[in-house]
């Protein structure tokens, strides 16, 4: 079974040379740490920066240079700042190659719910609805089941949706899954996890085609 | 009767302190020369400059600094350059206070035709349709009659329209006219021009209310 | 040059009244118009409708107005980080209209640009699109969204001049440029008003035509919400 | 940093084919992609559809393509200043679609921004609105306009870096930034490619994400269309 770091490491392998990538808050943010350093990738943050670098050293924090998680950041050579409208021109205009974000539920047809639990305080969708409605390549990073042990991979989402039919791939602590016309297609098992365990943790239709390899994570 | 310079001088009196002004090609361009120098005005050109100054001195022309008439220009302190989308944000968003442009015909309900004569080469509308559809304060600068002596102030325009119900005021070689709900309202006569001469040169409904003063031009 | 300079925040906020709709720049606490917000608190205006991506924290930013119950309705994309906000929202004292961040930015930009409405894919098939027109272009579905209408925009820039020209710094830019000219009156506060002609005309982010009033702010706290650092 | 640099105009135009729809930056002859246009002539491509505010003059700019009958259709706001253009248009050899300048700019910007359609007041009640949807918002009428779809955008900037970041100079900026990312592939030519990191991140007009290829152009003529001067 993977921990959050493991999920981030596995997703990092999906990041290809030349990609502009938008990372959501949580596990997705960790992905940046594990991208191969022999490829060129630029990270976009929807509050208005392209070419984000690592966190600043102490004393070098600048209140005017933050990411969408409101964290202080640095920029790399070739970075740029821009306004919110242009930032979402990048996102809606499909100039961002890969979007990685967390989810509370994903359905077998690629719907995602990640912004609202009725009856609880709703913080808002931020840029998530723009991202999922626009991006052509979206990977969800999440635990396979919720804290009560219930599957987060469902036939239909029960929570209010963030976007419809938009998710391409899911990486959980148990598996790598692709969304296909027929439903969730199991691509890889987490180290030490059996197909049966994945089946029993998945509520939506799971397609198991031939031998399912174990993930390779460095 | 006014010449083109006279029309420009009269229109210059309509330019008020604090106005952002867009000037069309032809007579409107001349208006800039006659604006009182004790008021502050900024000229916008739709190709992407605010704060235009006079033409450059010989040897100081810059191919990268032109106005919408493709003429080399200079800029004044406080000027700015911007892209075409933002330029028309200024225009469509009604941030420009006064638009002055030429016309081939104006109708008594404020329609304007100034871009196309069927059967002749059509050069295009440039920014004129955006300007007239958006501006709240538009003054037309033109001769009262065309080269054949026919009135350009009509009940209905005969040429393809540039915009509908948008013109506020017309300054011609003969008169200053306001567009009202009832039609053309005669405000001023050009020096030496009688009301009768204006009546005989105007085809649309002309409202003559009381004594019509002669224009005062410095 | 048309002079937009006013000499203090009091003059800058002349005419702001209870019940008005206000745009307020900033993302989180970055690039917020600190001086204008402080003055809104002082003026004790109430029933405000605020269009702002976030709602500040309990003791800073728009949280200062929330604490005094001055805001009737927030129009935002993300409103976490604020206990008093949560309390007022759950008790029904505060109306909240949550809209996608890109749609929020584009509704500002449309108001600035004289575009009454546009189509966006964001929110299609979700409760955000409920009651809104939807439509296919090509084989994708979109939602019709309308430009905002607001009385005042309060924005914060880094530098500006008397003509109202603005430049922003880093990600403190965010929604600020898109809110300029998007309300009837735009008030810009800047860290420094520089002499006319000092800003390169080629490098101005927002030309002065979008700004009605500009003033040099003071005592900027520029609080950092999530101070994250790496080890040496 | 994702490197967008190509080393010559030939590589920059790889994949451009006859019959394609091309966006071409510039206003009049100012800010036109001179090198790309010259290469399009050399490639002898035909049946091109060109989206460009103007059509050049007889012996410069897009006029060079017109002379060789390479353009099937022009989508522009103003096409005077070109005798060959006039001849081809009147003879029916050349299709011309005239649209208001602000609408042209916004159709580019919409393509760049993933906005499939928007409403504008420009052209309402005129033949430009014929066959288009119109609609009232408030008490004003608007026309529905769609984003452009294009295969290549050719833009000209002043300076750029290998990451594709661009800055423009003066009014040579015009349509160029709005066309970046508005086609499947955007090719930027610049007067100077500067070392990475030399451009201030705060002062970049167009971030490299909108650009697929950048090259340093050569032999810029930058012809002045109307040389107007004042007397000393």
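In this document, chain identifiers A, B, C and D correspond to the written order of the chains, with residue numbering beginning at 1 in each.
The working rule: contacts are C-beta pairs under 8 Å (C-beta built on N, C-alpha and C of every residue); 3 or more make two chains touch, one makes a residue touch a chain.
Predicted, not measured: the structure shown is a model, and the values here were computed from it.
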When each step joins two chains that touch, the fewest steps from chain A to chain B total 2
Between B-D and B-C, more contacting C-beta pairs sit at B-D
Would you mind pulling out the distance in Å between where the CA atoms of chain C average out and where those of chain D do? 32
Centroid from C-alpha atoms only, then distance chain B to chain D, rounded to Å. What do you get? 28
Which whole number of Å gives the spacing of the CA centres of chain A and chain D? 36
Mark out which residues of chain B touch at least two other chains, giving numbers and ranges. 49, 81-82, 85, 88, 91-92, 134
Two or more partner chains touched - positions in chain C: 106, 109, 113-115, 120-121, 168-170, 201-202
Contacting chain pairs - touch in the sense defined above: A-C, A-D, B-C, B-D, C-D
Once bound in the complex, which stretches of chain B touch chain C? 18-20, 40-42, 44, 49-51, 75-82, 85-86, 88-96, 134
Of all residues in chain D, which touch chain C in the complex? 106, 110, 113-121, 137-138, 140, 142, 146, 167-170, 201-203
Which of the residues in chain B come into contact with chain D in the complex? 45-49, 54-58, 60-73, 81-85, 87-88, 91-92, 111, 121-130, 133-134, 160-165
Mind listing the chain C positions that touch chain B in their complex? 1-3, 109, 111-115, 161-163, 165, 181, 196-197, 201-202, 204, 207-210
Could you list, by residue number, the parts of chain C that touch chain A in their complex? 27-31, 53, 76-80, 86, 89-90, 96, 98, 100-106, 108-109, 120-128, 158, 168-178, 205, 222-230, 232
